Amino acid sequence: MSEKNQIQDLIAKRAAKELTGPCVVNLGIGIPTLVAKYIEDENVYFHTENGLLGVTDVEEGQIDPNLVNAGKLPVGETIGASFFNSAESFAMIRGGHVDVAILGVLQVDQSGQIANWAVPGKNIMGVGGAMDLLVGAKKVIVTTTHTSKDGKSKLLKKCHFPITSTRSVDMIITELAVFEVEEGKLNLLELMPGITIEEVRDKTEADFIDQLKERAK
Amino acid sequence: MSEKNQIQDLIAKRAAKELTGPCVVNLGIGIPTLVAKYIEDENVYFHTENGLLGVTDVEEGQIDPNLVNAGKLPVGETIGASFFNSAESFAMIRGGHVDVAILGVLQVDQSGQIANWAVPGKNIMGVGGAMDLLVGAKKVIVTTTHTSKDGKSKLLKKCHFPITSTRSVDMIITELAVFEVEEGKLNLLELMPGITIEEVRDKTEADFIDQLKERAK
Amino acid sequence: MSKIHQDIEKALACVKDGHTLMVGGFGLIGAPLTLIDGLTKKEVTELTVISNNLGEIGKGLGELLRQKKIKKAVGSYFTSNREVGDYYQKGEIELELLPQGTLSESMRAGGAGIGGYYTKTGVGTELAKGKEEREINGIKYIFEPAIRADVALIRAWKADTLGNLVYYKTARNFNPLMATAADVVIVEVDEIVEPGELSPEVIVTPHLFVDGIIKAKKILTKEGVIDYE
Amino acid sequence: MSKIHQDIEKALACVKDGHTLMVGGFGLIGAPLTLIDGLTKKEVTELTVISNNLGEIGKGLGELLRQKKIKKAVGSYFTSNREVGDYYQKGEIELELLPQGTLSESMRAGGAGIGGYYTKTGVGTELAKGKEEREINGIKYIFEPAIRADVALIRAWKADTLGNLVYYKTARNFNPLMATAADVVIVEVDEIVEPGELSPEVIVTPHLFVDGIIKAKKILTKEGVIDYE
């Protein structure tokens, strides 16, 4: 497994711990999609905005080209699954019927606002369901590498890419640490195995409050 | 058959002539409901706002208490029928997907506006689907006795009961005559068998234009 | 963890004084007769009931009306229970009348995270009084706000144990809409089946909308409402 | 009187220069591949296409893009065909981007006679620029107008000869919504059956929404789009 894949799996595995059934979860493209493979609780139900509640893995031989997730990847359907149209699917999302959304980001700031759909100076070509999930899901968890490819912090004082929503996310999970957003501030809750707080400070532009001791109590 | 029933059947039978398939028709309570029995064209489909496209008669022995029309009367379902919820049903109506609505009235005026849901001085207790049908159906046909029980014209210069919609109906069928509404005016198109224009004039408060000759051409 | 209640009192524990309830059905057709019967036996007051009708005289919600548990009713056609008019005259109930299409659309909006919408229905009529009018592409509309409830009591035909629902003929009516528009949704059903018995393509209400399930003990027949078995 | 077309040219005769088309599908999944293929062979220009994506590179609506038949596209995710960006840069196509939930809700509104509605989605973002903001019960919303089209081209799994439709798995997506929101609705299906073969309880699109039916000649497989048989 490449280092990139190892990091992604590490993040996904940690995010999976946040999901305890019964709950309905929508997974974004990328790292979020990996979360599903670490879930054993059969009361965690996966929703995909293209019209399926009850997403599961599919084996190569069982692939159906007309059964995909929001990333257009082949998936399977669980026992007890249901299909619905796009408006019904987003009614579930906007209407507050999805418990958790796990999303990737380009940037997230210390108030918990995220940017994950557009980059200044490039054509704005797609938004998909990101904005709907942000306003609708009861809890939003961000899974992301701590830094971008050029080594810059993705956790910023303020997003400079266009924001996805004015709503703050609830939790941020990276390969270095776990943060929660509370009253517009970032709390550092947890270090990933082998990571020091100095390393986190070093790679994080955003201000955060060290709650490690509070959490350990 | 009582005189009242004979009059109702006469009106319903005339209204039935206006329906040629393929079309989707919603029938109101009362005389409109009787129209169905004079339709032989199997491409005339009946819609009921409580959630069924494909309403038909039901025999006594086949009555299902959970299969009713908007008047809560037992009905049957045709081959090719479909069930849907109330919001979907009214989306069909408001969205312009129902070709014809046939409705009863308390009053109709010479501009084609109708009053069929409330009487001043009495509690306003129900409106049902009347207002939706008025704004949504492509064509609205009124079937009504020409006069009320106390002998007064139901075709007025101006409705004095609360109107159901600002939209004018398209056609009015009574036991005396058939009118169409064109550009806010009433045209007399047809006399019912054995009725004279004098009798119509006598029993009609509304102004109307005699188009009998035009029509006969 | 199971959504299935054996006990009507427990199924209705979520209903509190002063709550707004959505109650399914078109008259008695598709009404949650068992849950309504449970409400008649529960001490609860000052309810706001959102339902197309208030049942029939002394039947269904008509029984709750007689018990004076309903402070306010929101519906489209109270005419089907003429006692509603009597209680209204005596000042014992508030009424809010909405066109049936507006009632159902407002529920859908409430369940779909829509704040409000513009409908043509009612423009220029008494029911538009006090409502904002707006012209869109040359057509007049009025604004209608979304509606939601604390609890929805609905009836379906079959539920699987997860809470997926299918309905029966015109007993469907408002039930699937109410299932989306309340904080807590309790459904009574004729039959409870295992997951997988309802095809994913035919499920009308997916399980994420449903909080509690109880087997119906009352059934509507040609002869009226009777007890199961 | 039959809605069934044998001939793709006749099925597409309703599409005229300058028309606004809704085209079903989430990428190629559930897209009316036969009808799109027909459009590539038809002389038609200046189309506005409302569809979640513009197909993939050179596939589906991506082929129409290359033919420069599309003046404007309204969708939520053009990223799945990176050629869209190239045409946009060259000024050869206008784009309107909507959140996917807004795109689908606006279609539903268009089909349901709703003039417009208030959604939370997009509030405070670049996609809300120029849109009316309104607070309802303390929550901020933006106004979105309903959208409609001259013609909708959709795909379903089965149609009966009346035009009742059922869909297949996640190929359902936008298709049932588009079926409600266009003046003329043409559907391609894998199978045409007799009335009665689709249960009244499972029909997703009742026949009153459907104007024309054609049997699909293109099918999406794991290996890509192929011809039937």
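A, B, C and D are the chain letters, set down in written order, and residue numbers restart from 1 in every chain.
Simple rule for what comes next: a contact is a pair of C-beta atoms (placed from the backbone, for glycine too) under 8 Å apart; a residue touches a chain by one contact, two chains touch by 3 or more.
Note that the structure is a prediction, hence the values are computed from the model and not measured.
> Contact counts by the stated rule: is the higher one at A-C or B-C?
Of A-C and B-C, more C-beta pairs in contact link B-C.
> Distance from the CA centroid of subunit B to that of subunit D, rounded to the nearest Å?
36
> For subunit A and subunit D, let me know how many angstrom lie between their CA-based centres, rounded off.
Centre-to-centre distance between subunit A and subunit D: 29 Å.
> Multi-chain contacts only, two chains or more: what residues does subunit B have there?
In subunit B, residues 52, 77, 83-84, 87, 90-91, 93-94, 135-136 touch at least two other chains, as defined above.
> In subunit C, what residues contact two or more other chains?
Each of 105, 108, 112-114, 119-120, 167-169, 200-201 in subunit C touches at least two other chains.
> By the document's touch rule, what are all the touching chain pairs in this structure?
Every pair of chains in contact is listed here: A-C, A-D, B-C, B-D, C-D.
> Tell me, which parts of subunit A touch subunit C in their complex?
21-22, 24, 43, 45, 47, 52-54, 77, 79-84, 87, 90-98, 135-136
> So in the complex, which bits of subunit D are touching subunit B?
Residues 1, 108, 110-114, 160, 162, 164, 180-181, 195-196, 200-201, 203, 206-209 of subunit D touch subunit B in their complex.
> For a test of understanding, state which residues of subunit B touch subunit C in their complex under the given definition.
48-52, 63-68, 72, 77, 83-87, 89-91, 93-94, 118, 123-132, 135-136, 162-166
> Which positions of subunit D touch subunit A when the two form their complex?
Against subunit A, subunit D makes touches at 26-27, 29-30, 52, 76-80, 84-85, 88-89, 95, 97-105, 107-108, 119-127, 140, 167-177, 204, 220-222.
> Which subunit C residues qualify as touching subunit D in the complex?
Of all residues in subunit C, those touching subunit D are 105, 109, 112-120, 134, 136-137, 139, 141, 145-146, 166-169, 199-202.
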